[in-house]
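Following: one structure in structure tokens, then a few remarks.
The letters A, B, C and D name the chains in turn, as written, and every chain counts its residues from 1.
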Amino acid sequence: MRIGVLTGGGDCPGLNAVIRAVVRKGVSVYGHEFVGFRDGWRGPLEGDTVQLGIRNVRGILPRGGTILGSSRTNPMKIEGGVEKIRENLAASGVDALIAIGGEDTLGVAKQLFERDVKVVGVPKTIDNDLNATDYTFGFDTAVNIATEAIDRLHTTAESHHRALICEVMGRHAGWIALHAGMAGGANVILIPEKPFDIDRVCAYVESRFKTRYAPIVVVAEGAHPIEGQMALQAGELDSFGHVRLGGIGETLAGEIEKRTGKEARTTVLGHIQRGGTPTAFDRVLATRFGLGAIDAVHEGDFGVMVALRGTDIVRAGLDEATRELKTVPIERYREAEVFFG
Amino acid sequence: MRIGVLTGGGDCPGLNAVIRAVVRKGVSVYGHEFVGFRDGWRGPLEGDTVQLGIRNVRGILPRGGTILGSSRTNPMKIEGGVEKIRENLAASGVDALIAIGGEDTLGVAKQLFERDVKVVGVPKTIDNDLNATDYTFGFDTAVNIATEAIDRLHTTAESHHRALICEVMGRHAGWIALHAGMAGGANVILIPEKPFDIDRVCAYVESRFKTRYAPIVVVAEGAHPIEGQMALQAGELDSFGHVRLGGIGETLAGEIEKRTGKEARTTVLGHIQRGGTPTAFDRVLATRFGLGAIDAVHEGDFGVMVALRGTDIVRAGLDEATRELKTVPIERYREAEVFFG
Amino acid sequence: MRIGVLTGGGDCPGLNAVIRAVVRKGVSVYGHEFVGFRDGWRGPLEGDTVQLGIRNVRGILPRGGTILGSSRTNPMKIEGGVEKIRENLAASGVDALIAIGGEDTLGVAKQLFERDVKVVGVPKTIDNDLNATDYTFGFDTAVNIATEAIDRLHTTAESHHRALICEVMGRHAGWIALHAGMAGGANVILIPEKPFDIDRVCAYVESRFKTRYAPIVVVAEGAHPIEGQMALQAGELDSFGHVRLGGIGETLAGEIEKRTGKEARTTVLGHIQRGGTPTAFDRVLATRFGLGAIDAVHEGDFGVMVALRGTDIVRAGLDEATRELKTVPIERYREAEVFFG
Amino acid sequence: MRIGVLTGGGDCPGLNAVIRAVVRKGVSVYGHEFVGFRDGWRGPLEGDTVQLGIRNVRGILPRGGTILGSSRTNPMKIEGGVEKIRENLAASGVDALIAIGGEDTLGVAKQLFERDVKVVGVPKTIDNDLNATDYTFGFDTAVNIATEAIDRLHTTAESHHRALICEVMGRHAGWIALHAGMAGGANVILIPEKPFDIDRVCAYVESRFKTRYAPIVVVAEGAHPIEGQMALQAGELDSFGHVRLGGIGETLAGEIEKRTGKEARTTVLGHIQRGGTPTAFDRVLATRFGLGAIDAVHEGDFGVMVALRGTDIVRAGLDEATRELKTVPIERYREAEVFFG
């Protein structure tokens, strides 16, 4: 068999580990051949391929990013996109496709599968918000980076009697904030799933100032106050449609200063959460996902994605994975609340 | 209620996170009081206690080790040990006990429970070999430390065209070797569950020397060859004039040198695997275990230990946990074998 | 003798190591007594002291921040401030003072010395911009944190074919940017000492896009374009007088996008650069500074600060240290330029 | 010009950074050509070369080890070795040679220079024991790795009321032990330069057991007791039933157990000290050494090596560098002694 591989969406530590596992087992155990598509769906759309053999995947296990490149190109939004992909797959002699990506990438995979393309998905989201799997790789790395940053902020906050706000990733789900905040001993954790009451946040901050420890507020980028509180100021949009300035972290710091009279500072972790070498957990998970994906392809079990349940790698339908976002359940947030204030 | 807390057995990153969670929730949510027992079962045996309130647990979340101290004292092996413990618990006014420890500590807990002591267990083993829970805290930290060490060994091995053997913890179960070896891109992984064939190990080593990468062998301290192989004794000189001493790592290096003619060196990671600050994964798991344990005590559900199943904290009978060791299943080892050689 | 100790200005990894060394040697070798002043000059101004003995400094060596607290209180700007300090020192029975801090703190120390207060300084600036010493502690830690962040940004930038801008500390001197940029393999480094030409920056960025690597721009917060280029938009000032939004990093990313048509993203490292455990280099340097400071006090050599010259701890006049800022010399910048583009 | 480059001796984090800087500046600024020799002096001895251009050095800055390979081959010990090298250099059209290595490698370089080979040296020793330079790259990385290990040992030692011995590199000079021990808050530091008195070591260990902290002994592999002390031989059983084998660390642990009755354990850090990614300090130093070396070659200043003096890169005669070892002066050891016990 000749199998195509692509990686789509935002990058994530562990992508290379998946690619390596797919190719190593595919070649040495099953005797398949591989072709890499560049930059997510742009690759098969434009027929942009790259060699992908044992040699190409040597040494990439500990490397962040993806040797195949990535993009947010969505063939569903392109006139005749799906047809073009089918043609290019055929032209490259590709029998089956392994698509590694998040909600969007897997959504395209699902639609291609419905149009008879043999495809297996590998779930990828640094935010851990994909349904049908206990964890996705990259998440543990992001949480460790954020936790280490929070560890560092503690001593600064204490020395200066300041509140420090740490803004982490998580537009729609607060998993990184929840885990990093819990691991970092945050004073308050704010997540998109639960609009916050700025008065309670300030009360927590003030009560912590009475100890010799200082308040650390961990806030997911998608968190927001309950309606009517805090006039959020949207920054200008840049030419790529992203907001340039002033996320929730900055707004919150301003509000805390205004209400408590204490100095507050914000650190926005940004891209360092998704780059660099993966943790051991993510390397093992990504490797096992890769092995599971090539097994599924070899067995002819298409239209599925691999998933983690407990300690087992299982398969789930692509539709299950993409049906809805996995958000933080209220019980998990309540666990963390024990440590607030 | 007045609740005693102790930590027994070898130390493990995350013990302090458990203690903190128990006390924080116990005091602020349930209004209980706490007393710490020093050095595992020695504490209640000798009535050696220490204050344990909110103040004592501030700032300990990121610290390795245990503020309560530990020991391997086993009251079952002491004439009248159990009676003494019951008397001392009564004398300290302790209504219930939270015992944090491994197979031995939980075994004692089980026997105390059978003699009407109200006890809840928290599983702890850096080796991850306790039944009834998907993971134990400390394991992820150990695996990350070992993986980082293996990452470092790669470049040295390559530069010197040497085989490097990395001996990790795991007397009876090869979990650390399996995960760190998989995460570190080991050339061969040797675990106690599967006696190894030295000829195959050497074949793997030699085949790797043909690439520009060098062989890294990850070996659990309890790994051993199939019967009859490898008779090199401690104290012999090897072909490079080095004294070959100690554990399986050293013996293996000597054997590889003798059989392949290539230089081989061993690093024994030892105690650095179990010390220092826990990873985010272990901090979250340990914190959730602590919350689960104080919930069980508060609900009067004794004779159980907390456990992780998937992403949920559940309870399991103390007997289930201590009945047998959780070793590496052969399927998991086969996954790793794909990357050997 | 009874010796006061204080830490002023922004916090810096290594402050606690200085305090520990001062007290350990002062008590055990010289038999002096110590008193800690809280929050920089606020302590002696208001007579706010804290116990400072061997016990108080145990275990603080690896901890970031300062157990004495810090502030930017400047007694020179307070009517009768110097007199008040002299009175409070006398009232606390303090014979001599060790002041650990940057330009401002040492400037005050110098003026107190001129008014007959026995004072020895220890230089502290994370920016490494203090004259008369080769390095200050905290700088190496900041550079390592920034370098690790840049390492992480590389893989993200490559995977997404994006320019990534990393904004580091350095309002008046570009030392952190220079060292972290050189260590991190930056494509361009921008420092306050040398106004940049936005056209050349964009040319470097574009030339890097032609390789399979992606451009990483490291920019000190105080860097700025040559006159007339790029309308810098000042953010609003908050109630503490700090600019809230939109530093040079964000402005630069917008400009690069506009001019090259390539996506650009900014990460502002912020406070994580100055918190947390110090590197070994900083722990050794801070410890040796502390030993040198207590030696100077013991020998009665006041009005000086300790300094590093090569591998030696020497003494320099407080005036020499505070006369002018140590900026990056053009030759050092030229070294780095070899790797631009 | 056509310039050869080789790396000899034990590997060291930063070797690749030197090679990269040499090639980047050599090609892009000076327009020279390069050829790599494999495995130290074996390369020019056997005429074993490898391509070395801008492309080959891309991405290697953060990588440990050496892309050129290394060996301990000494042409001086080979009949006609020097002649062969001169012939092979001529055959490869090499006009000048940059030799990166320690005492042995630079000793050969010196002798080649005396026989009219145009050679510039770059000092390399992880042990920091080369004369004529303040620091060598690799040393800071080793010290940080050892310090992190010591940090981890503290919590284990405290929890178990054990002495922990950490054996670090340093056969003839105790620099790593001194710096890591000072940075790690060691209870005692033992170095080759100063034979230790086992009675005093045990007294320090016992006095630390009286605090809640535990003794950490940092010992250089080349440290040894004063004459006549400690006769425990490899292979004996100690009082805890453990076989005591191997280096000074193990011997010392046995002796401490026997004399104090307290449990003692040893960790031998070994090869992890010299592998993996370099610290920022080492990357900058190695890069500047590389730039300095190619400048010397370009200027025709041969028979020298580059060196660090304060913050400057200077040149020193190859003979000065190799004349004697730079050991730890007694004043530096005395600084550390303040913290013993």
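Everything that follows uses one rule, which is that a contact is a pair of C-beta atoms (placed from the backbone, for glycine too) under 8 Å apart; a residue touches a chain by one contact, two chains touch by 3 or more.
This is a predicted model, so every value here is computed, not measured.
Enquirer: Taking each chain's centre as its mean C-alpha position, how far apart are chain C and chain D in Å?
Expert: Inter-chain centre distance comes to 30 Å.
Enquirer: Could you state the distance in Å from the CA-based centre of chain A to that of chain C?
Expert: Here the centre of chain C sits 34 Å away from the centre of chain A.
Enquirer: As a quick test, compute the distance in whole Å between the mean CA positions of chain A and chain D.
Expert: That gives a centre separation of 40 Å.
Enquirer: Which chain C residues touch at least two other chains?
Expert: Within chain C, the residues that touch at least two other chains are 151.
Enquirer: For this assembly, give the contact graph shape among line, ring, star, complete and other.
Expert: Graph shape, chains as nodes and touching pairs as edges: a ring.
Enquirer: Can you name every pair of chains that touch?
Expert: A-B, A-C, B-D, C-D
Enquirer: Could you pull out which chain B residues touch chain A in their complex?
Expert: Answer in residue numbers: 21, 24-25, 28-29, 58-59, 61-62, 134-135, 140, 143-144, 146-147, 151, 179-180, 182-185, 211, 213, 277, 279-281, 283-284, 287-288, 291, 309-311, 335, 338-339.
Enquirer: Which positions of chain D touch chain B when the two form their complex?
Expert: On the chain D side, the touching residues are 7, 10-11, 13, 15, 39, 63-66, 69-71, 145, 148-149, 151-156, 158-161, 164, 234-235, 243, 245-246, 265-272, 274-276.
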